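A short worksheet on the structure shown next.
As written, the chains take the letters A, B and C, and residue 1 is the first residue of each chain.
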Amino acid sequence: MSSNNYYDITEWNTGNPYDDIGEVINSIITDIKNRQTSNDVNEGGKPGAVIYIPPGDYHLLTQVVIDISYLKIMGSGHGFTSSSIRFNTSESDWANWHELWPGGSRILVDMSLEDGAEESAGAAFYIARSGDPRISSVEFADFCIDGLHFVDNGSGSHDPENSYLNGKTGIYIASAQDSFRISGMGLVYLEHGVTIYNADALAIHNNFIAECGNCIELRESGQASKITDNLIGAGYRGYSVYAENFGGLLITANNIFPRGKSSVHFTNVVRSSISSNRFHSFYPGMLIMENGCTENLVSSNHLFREREPWAPMQSYNNGLDDLYGLLYISGDNNSIIANHISETIDTQYITPTGATPVIIRVVSGKGNYISGNHIVATTEASKVQEAADASACFSTQVSALLATNGLEVLTVTTVQIEATSQQNTVLDSGTDGQVVIDKMLNAFRATPTPGMAAEGQR
Amino acid sequence: MSSNNYYDITEWNTGNPYDDIGEVINSIITDIKNRQTSNDVNEGGKPGAVIYIPPGDYHLLTQVVIDISYLKIMGSGHGFTSSSIRFNTSESDWANWHELWPGGSRILVDMSLEDGAEESAGAAFYIARSGDPRISSVEFADFCIDGLHFVDNGSGSHDPENSYLNGKTGIYIASAQDSFRISGMGLVYLEHGVTIYNADALAIHNNFIAECGNCIELRESGQASKITDNLIGAGYRGYSVYAENFGGLLITANNIFPRGKSSVHFTNVVRSSISSNRFHSFYPGMLIMENGCTENLVSSNHLFREREPWAPMQSYNNGLDDLYGLLYISGDNNSIIANHISETIDTQYITPTGATPVIIRVVSGKGNYISGNHIVATTEASKVQEAADASACFSTQVSALLATNGLEVLTVTTVQIEATSQQNTVLDSGTDGQVVIDKMLNAFRATPTPGMAAEGQR
Amino acid sequence: MSSNNYYDITEWNTGNPYDDIGEVINSIITDIKNRQTSNDVNEGGKPGAVIYIPPGDYHLLTQVVIDISYLKIMGSGHGFTSSSIRFNTSESDWANWHELWPGGSRILVDMSLEDGAEESAGAAFYIARSGDPRISSVEFADFCIDGLHFVDNGSGSHDPENSYLNGKTGIYIASAQDSFRISGMGLVYLEHGVTIYNADALAIHNNFIAECGNCIELRESGQASKITDNLIGAGYRGYSVYAENFGGLLITANNIFPRGKSSVHFTNVVRSSISSNRFHSFYPGMLIMENGCTENLVSSNHLFREREPWAPMQSYNNGLDDLYGLLYISGDNNSIIANHISETIDTQYITPTGATPVIIRVVSGKGNYISGNHIVATTEASKVQEAADASACFSTQVSALLATNGLEVLTVTTVQIEATSQQNTVLDSGTDGQVVIDKMLNAFRATPTPGMAAEGQR
């Protein structure tokens, strides 16, 4: 349009973006590579390009394959709407709906997938490059990737649109990369939202990634990245945020809502930080640090777990019981400081029956520091289990959230240090009766109780 | 422009955007609805559109009414400048000014308002839709909404441009909505900046909303939203941020400066989080949680209150006295952890005369946890009260901020637990003499003092 | 393009943007000023304009001079890639590289600089205006400023590309300004990235500013600003973030990686906040608050210091020894709360030899509050010092980060209060043996140790 390096998909000379935006974008990438052949800036260099996707519905039948740096793909609308509410509403009502689908600059991922295909084959955008340097500065901004439908997972489910399975991925980055940005996107009804291997200086910022099987997965290794200021919420069987073998990850300012089998799941993540987020979950294990997670900080977060209030989803959960720990920690020298943790659940829904739920559970490792956390546990208010129509969903959720009057205190173990873990420090995170800990092998100071602390200071 | 779903207001075939941008945008919305009539994606679907506002001064005489999802309205410039400084500068100086008004992609809200009109009638952008689904993914980005003037409030004020009243609202969302985004905007001199009813998954991010009567008001109910990374500052009579009956709100990374009768005001807000913000205020009651606020977290914030240093505004305040509490809390199980709170004021300005100012005040409810807060109180440095010219405003404010040398310690009550509240926990947030609390009904541990704690540990 | 106030540099009638983008932008600014001459909005007013830089390589030979408000300069690609890795890779390998230089909407700063020129003369973008009002709402978004090369600093260095010196600055704002925004930018290989005097309501958000001599410098004075959500990392001799005489600065959600002689350096900064960041450094003095820094909050940050793992940079450091303090504090009433601090270093690399490294060091001032910090110190794992090729750089760094197995505890002083400082409070931030403090002049409570605290409570 305005220059050789600005492409509007609706004006390109090859393919039809409404029929197959993948063919169009791949053709544009080929054009960029044909034009940008020299590293000599005086011959134009290799600055990359921007591909613009105006608002519209674009089918994607062909996977987009990106192997050039400095490519920005941008739209003008994240276009998120809840497909889950729609699919859990009687189809007879749809005729009256204003609109049925997500919108904005929307890519409809409806390529055909072979049975048993590789996960990467189901990606709308596939990024990989070998050799040096690592591929850099690819950016995705302000458009929508819609997986359209979940499907029967082979088990003959009566409920395929709630399976969170369809073999589709929004953005799949297969090779080590540097300084990528994903911002302003809307991702919905994908089995995997964003899957990234070997990230460095990655920024995932201000996106809406929800109603996906998994939302963000950082695999294999990575460093010095940030996941900030997103709205995120996976399905009941997947990760909202997952990272493995990562150092220096910053997760802050996110609002991560249900479901998600976990809100954040770390495996062998070190020297990373989870701070100033709001987490909301329906199951135990909402924050998991396992397999040698070391020297991480979890600070100033608000965590809230309640029972699923929405009828269509009440038959699903992540399979963990209330002894697992709302926060599950395996590793050394982590810090859990200054968080607020709320759990509200009726005793009849606690598993195993009669168990005392565990909030923070340290299963192995040493030197963890758990200080200044406020843990509030109540029995559930009698929540109205309304019919699964669209407007009821919102009001059900809000009324559940607001139902705090007349709650009774629920007995929980605020911190449990397993015998396999020692040399931990637990301060002001539960009264003497709420903390299970070997006080000779770990340092402990109970949260004072009325009348007691006044004495303790004298 | 580049496609049917991209509209540039300066190129549209109906109306003149410079005379009345409202007429132009409404005409565009009508066109979108005329073209997007089918939910069948193969007939084009309902992807919405983007409306682009290039930099320019656009009068708005007709209210924009939005009742379609996936509409993005975007400009290329937030255009904020201080109108307050200008209006408090002698008009005779204006002739020498480089520019007088805000700019960028600027909408001048100058429609005529009837006396006694509904608040919503004064909105530049009015969004409402009944039926299902809730309206989704409307986005406002990177333009300026300028209310132009405040007016005499009927009291014959000598000072109408400082009234913060004009009946105008920037963005008014009347019906329940999902996944809206407001980002990069500049809002100035509106009685209400952004007013939103029944928000879900709302993102208000990286805006400049200041010199408005009220900046952000979340009304009726809402859930799972975020107000992040904004510069905000209301007038002396309104809210910088207000929310009611809300669950799961995340307020983080904001710099909320004066004035604002409060920085954040919550009423019946639950399980929400205020973390890692910087708040600056001129009055008591800078953070208010009332009417059953429950299980909220206030963590890692910096709060600073001083006396108004700028002459033109020194006659105004929010009417609260220093016994009200800089933080006022009514509700159960809230957490106030790891904050820094500074107050500096000369004793002559304390009200009632001779009172000991209260910093954190819990007036009712139980189970609140106040731990690890550092509260610093000093008498005010002798601040130069400079004349109200534009450049003096900045230097006055900065010198007031920097005036920390030679401050004397001011005696304050760091935490006051009223008798109507009990079962609270107060730790390390004030010395024994600074905290007013019934130690038999609440848990208390004083911040140690020199010489004492060393003993206490042995 | 779409209106008089939208300019595309590739379509302008004067100059050639590929040869000298500076000449083109200055010509556009002249055109804006020629057209926007009246403050009367009915004559068009002074709304400013947007200048668009499509992806491409643009030489800058002429400094851009900005003296109008409401100018937005935007591109479509931050274009960062590591020039440091390339310059530390054998040039013989370059022939096989996919690309050699940064990209996106990229400005190549290659103007000629006189010896001994003023720092401001080396700025690609120079912003200044005298008179009233302060220049407002200039915005820089989504493009790349590349300083191209560092040079011999006159010392006959064998290693000029690692000198971090070239006299070039990306954005230099010389006069007091209001409501500027810098977002989405990529800055690389500049001696100074962003240098700003007398900032008010500044937002530096979501940028990638790295491999610069200094990244962000806020000079002379300033207030009410935010540095949020950036990826930042200066060279070994400069500041990642510097501020002086500032009040109300909010630094949050940043991932600040090495090197940087400091991650954040404050001098006479007051009532400001550093929270929820991730800092990574190779030297002592990673956070410095000096010259009367008062009432600042440092909370919920993750700080990690290790020894430089990358061979080409191991000969450089910031000259500070391990007694200086990883956090160095001089001033009154600051708060250091709820942080995690990790240091890992082999004893052979500690300076002075045999010293016990100091983590938090308060050198002067009174009333500082240091509470609830978790400090972890270990000897270094045997890090593989791989050859300096590009891919090895990433894997070296990641493996260093992940090398936490089998680390031995390193003895450190977690907090040291110098005799020149008193009336400080140190709580739960080190055991009795780890804290150097005069307990009669300061308040102290040791982090409990196993067996001890259980007793202490009774």
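To be clear about the criterion, contacts are C-beta pairs under 8 Å (C-beta built on N, C-alpha and C of every residue); 3 or more make two chains touch, one makes a residue touch a chain.
Keep in mind that what you see is a predicted model, and the values were worked out from it rather than measured.
Undergrad: After a C-alpha superposition of subunit A on subunit B, what does the rotation angle come to, in degrees rounded to the nearest 5?
TA: Subunit A sits rotated relative to subunit B by 120 degrees.
Undergrad: List the interface residue numbers of subunit B and of subunit C, divide the shared ones by all numbers used, and answer same when the ratio is over half, different when under half.
TA: Shared-number fraction below one half, so different.
Undergrad: Using mean C-alpha positions as chain centres, tell me how far subunit B is from subunit C in Å, no decimals.
TA: Once rounded, the distance between the two centres reads 29 Å.
Undergrad: Multi-chain contacts in subunit C: which residues touch at least two other chains?
TA: Where subunit C meets two or more other chains at a single residue, that happens at 229, 252-253, 275-276, 299-300, 337-338, 372, 456.
Undergrad: Could you pull out which subunit B residues touch subunit A in their complex?
TA: 2-6, 39, 41, 44-50, 68-70, 72, 74, 129, 131-137, 139, 176, 178-179, 181, 183, 198, 200-201, 203, 205, 221-226, 228-229, 245, 247-250, 252-253, 268, 270-273, 275-276, 292, 294-297, 299-300, 332-333, 335, 337-338, 367, 369, 371-372, 422-423, 425, 427, 432, 439-446, 456
Undergrad: State the interface residues of subunit B toward subunit C in the complex, per the touch definition above.
TA: 1, 8, 10-11, 52, 54-57, 59, 76-82, 85-86, 89, 93, 96-106, 108, 186, 206, 208, 210, 229, 231, 252-255, 257, 275-278, 280, 299-302, 304, 337-340, 342, 372, 374, 376, 389-391, 394, 397-398, 400-402, 404-405, 428, 447-454, 456-457
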